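Next, two complexes with chain A in common: one pairs it with chain B, the other with chain C.
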Partner chain A sequence: MKLAELTLLVTLILSLALMLTFAYNYLAPTPEVRNLALFYLITTYNPQLPYYTVNSPEAVTAIVWDYRGLDTLFETAVFYLALIAGLALARRLYRENPVSFLSTNGGLSIIVKTVTKITSPMIIAVGASIGLHGHLTPGGGFQGGATIAVAPMVIIITFSVFYLLTRKVTTEKMLLIRSIGLIGIGLTAISVFIIGLAAGRLAFVFQNMPKANAPMGLPGQVNGVLISGTLWFFNLFEMLAVAAGFTMAFAVLMLAGKER
Partner chain B sequence: MAVDFAGTYLLLVLLSSLLVNFVLSIYGIFFKPHFTKKVIALTILSDTLNTFAIYIGYRRWLEGVNPRPPVLTTTPTWESITEFSRRAVDPLPQALVLTAVVIGLAVTLFLVFLGYILYMHYGTLDMREIRRLKG
Partner chain C sequence: MISVLDIVELILKFVGLGLIILGGFASLISAIGFHRFRNFYLRLHATTIGTIWGCVYPLIGISLLSITLNDLGASRWFIAGASFITALIILILAPAGSHAIARAIHKSKTARVQPCIADLLDKDLCG
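Up next, the complex of A and B:
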């Protein structure tokens, strides 16, 4: 056995052992969750604790964009860098000139095309609903954006990538929407800080609700409708960024090598 | 009895299948010579670890107290919140997995672009061939 294979085998066994060590307490789930989870569950939407709550009934979105918001900001940065790296690799492989005339004979059959035309607006509507209701129901910006990005992918497979281009869904436009989303995320992250600066009160970056020593914050409800402060805006902008980023990446992937 | 069976044995079956998946995907990443198969094994690995994280945050199913998603659907009084915290599963692993899935998709796209460039340079995606050609 070669040394490399032996090393690999040892690594496999050791990592399995490590995984089992971590999993030992959780081999069968316990009836109780950890205290940290209890804190999240009790304070996520609890108007009786005004300085701890996020005013979001969905604990997962509350963790993603409020309790651990900085993590998610850097994860968005990783997402951004991965897409930029992919596009940079493909930068000389495609040239984007929308064709003036597109043959209707290409692509899949007329049945598939009609079904795609009917369902792709529905897919986009469902994705927008998932993203914009992320603070109320399971979902959020990431999932909504990924759902929306399914629609252009289906269109690319059913028709052609040039069909998207003739419909003015170009990579420049997607880059613009994605930049709007990323700038919006950045501005939302410092919005309460700017409000605090303007009002001359203490406020923090990535603050959402008023805290005991920092009384500034965005409203949890508007006209009795929950928007959970910054969470709604984060979900909106993240949805734009994810949807446009994936659409751009799929289009470039399909364009690559076609017009060299 | 049925609840005990579901709460213990079925979840143990799930855990052991996760471990098998883990081993298979590691094997695929290191020993499969083709680039595309390595990428597929990598996605299997990330999905396995995501499922494992959700499994860790799960809550045992007792008689009469079934676990719920961590979404509060009632008016937020102290009674309903206490009941909610007695039943809901741990939301933290789900929050970590949520972002990991989308980032995994972006990284997979990057690897696909990388594979495209590799194929253009070498004319093959076989890693043994690429190692032999050495740039």
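Up next, the complex of A and C:
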């Protein structure tokens, strides 16, 4: 029995190694990739190339929301569907847990509760800063939203999930904020296209800056402050959507069902 | 001539250096205590020494020291402010965390108090 397991394991490892050996030529990046990386680095913030630049010093956000923006849109959609599936799994828990019936006095000691009350606004502020500066510094909408969602997580652990629910942070409201975020992302994606339609000029979906054949675009700067066209709006709405989505998921995970 | 500003700078520099050295010394003591202390609660005490004396005081020292480093230009104020805020946040968070851990462990009767002189919360855990 042991020998059979060992043989299976060795065969698996050896076949994987063989596959990797053959696949190396395709997996390892060729030198041409460097030109692509150089293109991104040179054009991401370059006022001298007005038809190529994204006007964002942060190349990662520029790639995620401009160069390959459609990909990120579908990633957000996948995350949304996963959350909907989680909510559907927990759809009967609300009827089993009437909020008014349950006590809200539980949780950790008063020391931890006070510290949580002091620090959770700080967590939300840091998350908003990460999200809204996503086009300038490392970070972005998803990271900022995930940081904001730490605050309700800490509150759920130190107080209880019913503390959140009695403070009107319900999953319905979180779903509403999340939907607002997703609608915002969708509208931002087609905003330049709509502007182009209104002006009667050529414009594309997911276009950000003016291009040589499509002269419409959002401004890179507002009053001398960089907003990088659509990137700031994408980060804002993504931050709202991710923060609300994670809060909803944590609240649903922490609701206990009735014992059967 | 030595002006008042120079003296203040000198004081800040040496207080900052002293706090950083104190932090290194406290970290060493905390590491030794973490390995040598006998029960869970004493080891938790040693780790808290590591976070307060070994983190908060050196960070305040860095913030005082960076004010005197004129080569850094305006960015030394960012370093000073960020270090000070971080020190304050650790000062609030670390005791709350160790308190929550100790309370949870004691309530769930996971770790016994051993050797024990008195345990007024729960006599069964003593000894």
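Methods note: the second predicted complex is superposed on the first by the 213 of 260 C-alpha atoms of A that agree within 3 Å, B and C clash if a C-alpha of one lies under 4 Å from a C-alpha of the other, contacts with A are read in each partner's own complex, and residues count from 1 in each chain.
Just so we're on the same page, a contact is a pair of C-beta atoms (placed from the backbone, for glycine too) under 8 Å apart; a residue touches a chain by one contact, two chains touch by 3 or more.
Being a predicted model, the structure only gives us computed values, none of them experimental.
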{"item": "First (chain B), second (chain C), both or neither touched by A:I118", "value": "second"}
{"item": "Per-residue contact with chain A, leading partner among chain C and chain B", "value": "B"}
{"item": "Which of chain B and chain C A:V222 touches, first, second, both or neither", "value": "neither"}
{"item": "Touched partner set for A:L70, first chain B, second chain C, both or neither", "value": "neither"}
{"item": "First, second, both or neither for A:L197, with chain B first and chain C second", "value": "neither"}
{"item": "Which of chain B and chain C A:S109 touches, first, second, both or neither", "value": "second"}
{"item": "Residue numbers on chain A that touch chain C, as the complex places them", "value": "108-109, 111-112, 115-116, 118-119, 122, 158"}
{"item": "Touching residues (chain side chain B, partner chain A) in the complex", "value": "7-8, 11-12, 15, 19, 22-23, 26-27, 30, 52, 55-60, 62, 65, 69-73, 76, 78, 81-82, 84-85, 88-92, 94-95, 98-103, 105-107, 109-110, 112-114, 116-117, 120"}
{"item": "Of chain A, residues touching chain B in the complex", "value": "8, 12, 15-16, 19-20, 23, 26-34, 36-38, 40-42, 44-48, 57-64, 68, 71-72, 75, 78-79, 82-83, 85-87, 89-90, 93, 137-138, 140, 142-143, 145-146, 242, 245-246, 249, 253, 256-257"}
{"item": "Chain A-touching residues of chain C, taken from the complex the two chains share", "value": "89, 92-93, 95-96, 99-100, 103-104"}
